[in-house]
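For reference, chains read A, B and C in written order, and residue numbers begin at 1 within each chain.
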Amino acid sequence: MSGVLLIEQCLNGIQFGLMLFLLAAGLTLVFGIMDLINLAHGSLYMIGAYLAATLTQATGSFLLGLPLAVIATAVIGMVLEVSVLRHLYRRDHLSQMLATFALIMIANEATRAIWGVQSLTLNVPEALSGSVAVLPGVTYPAYRLLIIAVGVLVAMLLYVLVTRTRMGMLVRAGASNREMATAMGTDIRRLFTLVFGIGAALCALAGAMLGPLLAVQVGMGENILILAFVVVVIGGIGSIRGAFVGALLVGVVDTFGRAFIPSTLRAFAPPSVADAAGPSLAAISIYLLMVMVLFWKPQGLFPSRG
Amino acid sequence: MAPLTAFVLAMALPAVASAFGQDFYVGFASRILIMAMLATSLNLLVGLGGMVSLGHAAFFGAGAYVVGILATEWRGVGNYALLAWPLAMALSAALALIIGAISLRTRGVYFIMITLAFAQMLFYVALSLKAYGGDDGMSLSQRSSLPGLDLAIDSHFYYVVLALSAAVFMLYQRLCAARFGRVLLGIKDNEARMESLGYPVYRYKLAAFVIAGAVAGLAGALMANQNSYVSPNMMHWEQSGVALVMVILGGLGNIWGGLAGAAAFLIIEEALSAFTKHWAIGVGAILLAVVFFAPRGIAGLWTAKR
Amino acid sequence: MNLLEIRGMVKRFGGLAATDGVDLDVRQGEIHAVIGPNGAGKTTLIGQVCGTLAPDAGRILFAGVDATRLAPHQRAELGLARSYQITSLFPNFSVIDNVALAVQARSGSSFRFWQPVADERQLADAAQDILDRVGLGDLGQRTAAALSHGEHRQLEMALALATRPRLLLLDEPMAGMGGEESAHMVKLIEDLRGDYSVLLVEHDMDAVFRLADRISVLVAGRIIATGSVAEIRADAEVRLAYLGEDEA
């Protein structure tokens, strides 16, 4: 394999990993602080992507459509928190799974009812449709570079938010010890709603950014939800740092698997076998990664609770 | 004896349905009973042993693939129910032994996720089986054969399903009341204490996991026959989610929880889909209502009243 | 003869050594009390003996068998049973079913899938005997979660007894009990003498001096003295390290 291809796939992996991080960050916080298994987290990602596509078309500008979609999804997320999810924090995991599974069914069907069964297209903004030379002789799509930049920026913002602000301190306290956070009083309900809103906004951001690269369709939420859960579990539930490391790990392993396993397989096996097994092996690789991590560290890489 | 009355009524169903010219309901009843077997096997894990698996459909699908693959690879003999169905159970049990042995090292949410990961791996393996239809799945040209019966006739097949599901319900009931069931309940209540009382907890959990896997495999073999169709979607995590939803909806740990949940879910789905193509919104709303107003499930409502 | 021999037991939580080279023997048939201030490592030591906490160093011999690497359930099979300082029961089981489950643990395999437990009268009978013994004979049908604190402690004791152990590890069995209840518990432990060997962790000095054949004093993860009741009472170091502050 050539060096150029390697660099390109590295960047792809990091780019996908950063988007996974946006999803996983909200998921792991909700998981760690509120002890809520939110299967409907992927639905917010889907809603964000649909809204971005629609609003971009309505306003004629991705730069306008994207922030509007992010804000709208954050509001939807907070409404959802106040109306339904808040009442699930003290329930067992099974009730949470049943309720949020129900929310997936509702969200998917409502999306079909509103937007139809056809997938939407969201185009890369004109100005970013070209490629940029990242190294002499290595070009990379400008839009993907933007995704990486946005991902890094948001990750840094989150880092500052969690480590440097009072809200972040409460969040961290909550993730490692819920009773303590509750004991500190300070309107914990508002904090939860806010955290949920931020999580939803991050989902929408990921959905909108990935929209031009993947199809905007019903079901997109569930596929990525599973990956986000894998990230959260690998990183250790409730740990933002874990989510970051896990997301990059999963992004890179997934991308490399897809890029190199089928071609490597073709060198050893007859093409018919390689073409059939290659993509599956690639898809399996991240689950294998997770099983290995859990086998070695049953609480994930960065266990946040003793 | 309510169960006996129900059984007699169920025996009469094909005659009644054909008298009204509604033969569709015989196949529908078979589907309910098969899903009830799947849900009951999962209830053994979740309701009795407190092991929340989100990958139970893996064994369901594996059982179905055994029937499909035997029928295509070994025309004639491969079609014998008395060979294919026990083999389906055996393969599912063997898979459950391997997956359980690894997964049961983890607990709680990590257990949920690792079972999900294994099921996804098998899902992708099934996808890669191009010889058996790949992602399209495969149609079966005929149902399995049993001496003395013609399973192609829906009512014959229904009676076989009825007999097998009755056997499963009975097994579950006996098991609940027997030593093994008490041990599982004890583990659910206080695992550490069971260990310190001298119970090899891991072994009991693994045994339950294998039994549940075998029964799910049988249900899968029957579903392959019912639909004359096998596809990777039978192993998809959403299928596992539906099985879990049925268990919670019906009643965790309740002897009739699996049946009540499967029947309610499929009947609601069927009834709503007659009114609107967006029936999934209705199902979701009903599930949400169950979480908030009937936390012990349908069978729980029943037993609470008595 | 020593039933239990603990040698060089160490358990570290991060930088802190909760047990720091503990040597301790429990003789066949004796009641051996372990006393020491809060945080001395008593509960940690019990966890290590029964196998729920893996030791960082040290060895455990039980009835001549090296138990250091055995799992908790294997140690229970050898005849070790514990009661928990923080009550650990089966809250959704009835009181008698709690005990019956413990009896079941030591009466043959539980890989039985068909025969209802209700048919096994001997389990319920044995459970009832033990409930009578700990003073819960009339409460068998209650749900465990519905008992009072004192009753929880009694049931905790019943679970430990139900496995017919050779050595009972009792972690502050009287914690949080009222005067009358603890008097009852002291009487109960007194009655165990001869039938069981007991490693008793307890704060109540009157109870310890009354019950113990020998006493070991654990301070900051180390045994600083072991001896008869009279010896420990007389030991100046112990007075300073522990009894002094208690009696002051």
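The working rule: contacts are C-beta pairs under 8 Å (C-beta built on N, C-alpha and C of every residue); 3 or more make two chains touch, one makes a residue touch a chain.
These figures come from a predicted structure and were not determined experimentally.
Colleague: Taking chains as nodes and touches as edges, what kind of graph is this: line, ring, star, complete or other?
Modeller: Drawn as a graph, the chains make an open path, so a line.
Colleague: Name the most central chain, where centre means the mean of Cα atoms.
Modeller: Chain B is the most central one.
Colleague: Quick one: point me to the chain whose Cα centre is farthest from that of subunit B.
Modeller: Following the centroid criterion, the farthest chain would be C.
Colleague: Please compute the C-alpha centroid of subunit A, do the same for subunit B, then give the distance between them in whole Å.
Modeller: Distance between chain centres, rounded to whole Å: 31 Å.
Colleague: How big is the gap, in whole Å, between where the Cα atoms of subunit B centre and where those of subunit C centre?
Modeller: 44
Colleague: So the centre of each chain is just the mean of its C-alpha atoms; given that, what is the distance between subunit A and subunit C in Å?
Modeller: 49
Colleague: So which stretches of subunit C touch two or more other chains?
Modeller: none
Colleague: Could you pull out the residues of subunit A that touch at least 2 other chains?
Modeller: Residue numbers touching two or more other chains: none in subunit A.
Colleague: Please give the residue numbers of subunit B that touch subunit C in the complex, ascending.
Modeller: Residue positions touching the partner: 171, 174-175, 177-180, 182-183, 185-186, 189-190, 192-201, 204, 207.
Colleague: Taking the complex as given, what residues does subunit B use to touch subunit A?
Modeller: Those residues of subunit B that touch subunit A are 46, 52, 54, 102, 105-110, 112-114, 116-118, 120-121, 124-125, 127-130, 134, 237-238, 241, 244-245, 248-249, 252, 278-281, 283-288, 290-292, 295.
Colleague: Enumerate the contact residues on subunit A facing subunit B in the complex.
Modeller: Touch residues, subunit A against subunit B: 31, 37, 39, 84, 87-88, 91, 93-95, 97-99, 101-106, 108-110, 112-113, 222, 226, 229-230, 233, 237, 272, 276-277, 279-281, 283-284, 287-288, 290-291, 294-295, 298-300.
Colleague: For the complex, which residues does subunit C have touching subunit B?
Modeller: So the residues of subunit C touching subunit B come out as 50, 52, 71-74, 76-77, 81-82, 84, 88-93, 97, 100-102, 104-106, 109-118, 120, 159, 163.
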